[in-house]
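There are two complexes below, and they share chain A, which is joined by chain B in the first and by chain C in the second.
And then the complex of A and B:
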């Protein structure tokens, strides 16, 4: 290992004790977070994100395992001894102190000299553009302003790692989107490692360098937003991030020579999906001999699930032309207009249903209506095999 | 955020009251008018009347009662006027006693309230129940039992002697200590309950935030917890201080004659044939005035606090 990680989670288990039914909130998880990374813990409510964050912050003890901060074991340190700060979900600003006093609080406890406290606090207030609110009390601020003060308060002591527990969830949509940009900016500007908790996949995709998708106290997949969206490893990740069609398929063997797909296209896709193998599968809906990407090797004859994103599916009115590659017949069940795109619910001829999303480009005309027979093209390059 | 939620609540309340304000407020006006204002007015008037020597008053207006309180004209009233220290002394002693009672109640009451408020929600009511059990018994009976408990031959001294902590009984009856004990025991729940209510509403994430920002337990307590629950503490202090100031059972029964307090002084004036009603009324009015001034200062400080810090 050339550079040390900001955080190493080493075989960490958390059990909340209870007389009758103890809760296993985290089940033997291990991963590392790099320095300067914007790292997101993403998962549905109850999957253990907050628990993990609270353990890094020192608010919850570790049942088993270790947490390292730049190589040092911090598992036994009290939270006031960890050079890590938290932006709490409901902000937890001190109501009796002014904005300035809130931001200066940590520096004062650290016993920094008064001049430094002054300049640092003012610098933080400038950073969040709240300098003119320095003398206000938290109750005199809007939700978004309180949020920024909470951020400044946690950044002021210059922690090695900043923990953020769903910091945007209490804000309205517009503000939330603006704050995403701002948080990302601040993270780049300060160079502090951010560990960000959210259940909102869009938030995770737009902000993160890397995402850990969690469910049921386990990490399902870790990767960049693109990796996770394009190459989900299992059904949970595929469904949780964006929308996904899950289809049944049968492995017929290793990759066949890519006769039909153009060479350039294939190699580009190859580059995007490193560490992947290619399989040849038959879809249950009738398309045969597809060469698709997979993260793991499967035996010939095995039944697997494959995934295709709705926006990768193409729909055309039924025609008699030749060269219908990777195409099946189906019926349009419903069409919903969503502004930027149109969502089409399809029923394949074999009875499976499929979701497609067509972008509403400037010259888009709906060449089919509800009840029409259409032909549906599923490009093999967009199909991914999923593990169990 | 919490700010405008509260404001919204107030707004709703106002609109409900607006229409039928007078009808809805009738019971409140009745209680305040009949049970509070009228008796105080009666007292105020009596304090300016002339004493009838068999108790009661003669309807002749005079400042005699106040004169007696503040000014010393010698035994026969013919010496040059000097400041009368006797009653001011009693007031001063009472203030000190009430202040100590308040401080002791706080020192014990705050940790107690904190302990109860941090139990699991289900067991909190049990602990509150325990705190209030003794108060199902009449104050007089409790004070008398206290007297039995701490007298020279009482159980407390017996235990201390049998454990060899002391050789001779400590005489506690008729001391300031006994009065303190009595006041403390009488008014402890008035300290515990409002503080408990504040701590129960306290957002413990604030304590976590303080720890996150490098505070140890003590700095968290003094810099965050106590300021945040200050309204409850102040309410508790007022609720202990004011009745302690006018208390007469504890001073009478446990303090004896030489540790006279305001409450006993007033009680004396209205008891039996020897009482002096106008003087008792005047002492009450002076006490009331002082308390009002204290509360007024507190209210002023409070509103300054709320209007945007410093």
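And then the complex of A and C:
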């Protein structure tokens, strides 16, 4: 990723007009996408991610604002005048043309010379390992093969930016996972900026350099997969990416000097969360005096929401030891075996529910069952304060 | 589906009803076909197989009249089918791919109105119209009338086809640097082609077959095949009429079969 911007979204608004209640699909959003970046627009259906992608491609009018491509305003250009190409959700391969003709279509329209078209088309077919299918019609291909042809067709004219509109959603799980690798590989190999739309958070986390989480026509957070997963800014992002436990807490002041033992760990976590401040809070479930990370400063005495990921919670059978830091009591409500890990529903002694995930490592033996009393440890470095 | 639904022949009376319908529909046609090969001028008594009436059609005393009528019919049918298909294709594009416009539903009704107006009404109205503007009746008046009533027949299969084509193909073509013209020529038109061809064939057959309107708007001495046959029958049914009818039936079956095969080919392709 360099400092050059491939795409700049400048105060873009999209309103679908309607006599009584016009729908605001995008509400004054602005951000930039870097050159060579694998950038993902992630959000639930109706959040505006596809509308934004279609605007970049030139299939939707922009109500207000501008879209720049390497600094040039492309907002008013027709889609055939924009040096960006799209991989459509339904692939949209031309059914009456062969695979070769489909892939060569864009190059022919650009008026490239015959030799170049031939070489480039064959190179693309090689890239997606479909050279031997060149003379087939799209209807003679499997879903995964059609997907790859759609990708090759969009890449062949060497666009400056490639737009991908949920391209994997029609594939089955195994194929989808294989295609993720392949897409990532192709993106690195070609160096083209990819803008990828999906509602699948796993897809977004595994493939992207950066993710923009969207909802209700607004960008909720932009960051690397790790930033977004570890430091979600609000409840929406915390819940949409992975699973999250949201707990109530009360701010008691700025950071208290941490205990010696946790100092080393804390400073490591600090590196991952640069723009963050530390707060001291009391959790409502009874753990007091926790130093946690927050992206915004809160007044002393304020009620806030904090988040902890289920896999960062530790559970032990009830014991009578000393020095139990950050620990509360609770009861196991249910246990679900999920293969790689086990999901445990807990009921804290104060009545709050908590979800934990324990990895099924080789020496993991379930030392507790449903109904057992357990000790639940919530490590403070894994807790994040959420903004409103 | 075959497993859950009952075999239809189990319903009481189904077999009898089906045979009755088939006989009423097709027995007259079969009689005409069989007796066109009769070696006798009788239209009721079978005297053995012969091609004498086909010979009469092509080389008999009335051959010239029927030949001219056939040429007229085919010329009108081809021209009317081509013109109405072009008009129907353009209207389908405007109705389905164009921006929504005021009165779209009314326009759809207007396009299909000729299907619902009784043909005799159209025939009288067309005749009065031509007479009132002083338009000379002849081949051209027949052609114009045919173009008008062929449009809805051509429109229906074309519109149905176009409705089944998602506009994502056009978007993909535009995305791959095709101009609007190229998008139509290279993508939409080839994808619409099965519908256009079956619309064309339907219009062709409807035109070839038309009697009522043609009879009203044709000038004196100008005959198409149906009006010529009607004229001949008025002087008594001779087996050569059966031979001509059999030939027309064969031509129609051929065209309908081609139309069916084309539309099936189109559906299989995507």
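The criterion applied here is as follows: the second predicted complex is superposed on the first by the 383 of 388 C-alpha atoms of A that agree within 3 Å, B and C clash if a C-alpha of one lies under 4 Å from a C-alpha of the other, contacts with A are read in each partner's own complex, and residues count from 1 in each chain.
Criterion: contacts are C-beta pairs under 8 Å (C-beta built on N, C-alpha and C of every residue); 3 or more make two chains touch, one makes a residue touch a chain.
These figures come from a predicted structure and were not determined experimentally.
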item: Side-by-side fit of chain B and chain C on chain A, or clash; value: clash
item: Touching partner for A:43 - first (chain B), second (chain C), both, neither; value: neither
item: First (chain B), second (chain C), both or neither touched by A:223; value: neither
item: Partner chain(s) touched by A:144 [first = chain B, second = chain C, both, neither]; value: neither
item: Which superposed partner A:78 touches (first chain B, second chain C, both, neither); value: both
item: If touched residues of chain A are counted for chain B and for chain C, the larger one; value: B
item: Touching partner for A:86 - first (chain B), second (chain C), both, neither; value: both
item: Partner chain(s) touched by A:135 [first = chain B, second = chain C, both, neither]; value: first
item: First, second, both or neither for A:170, with chain B first and chain C second; value: first
item: Touching partner for A:95 - first (chain B), second (chain C), both, neither; value: both
item: Which of chain B and chain C A:232 touches, first, second, both or neither; value: neither
item: On chain A, the residue positions that both chain B and chain C contact, one per complex; value: 57-59, 78-80, 84-86, 88, 90, 92, 94-96, 105-106, 109-110, 137, 139, 153-154, 157
item: Interfacial residue positions of chain A with respect to chain B in the complex; value: 57-59, 78-80, 84-86, 88, 90, 92-98, 105-106, 109-110, 135-137, 139-140, 142-143, 146, 153-154, 157, 170
item: Residues of chain B touching chain A in the complex; value: 1-3, 203, 205-206, 208-216, 219, 223-224, 227-228, 230, 308-310
item: Contact set on chain A toward chain C in their complex; value: 57-59, 78-80, 84-86, 88, 90, 92, 94-96, 105-106, 109-110, 137, 139, 153-154, 157
item: Chain A-touching residues of chain C, taken from the complex the two chains share; value: 166, 168-169, 171-179, 182, 186-187, 190-191, 268-270
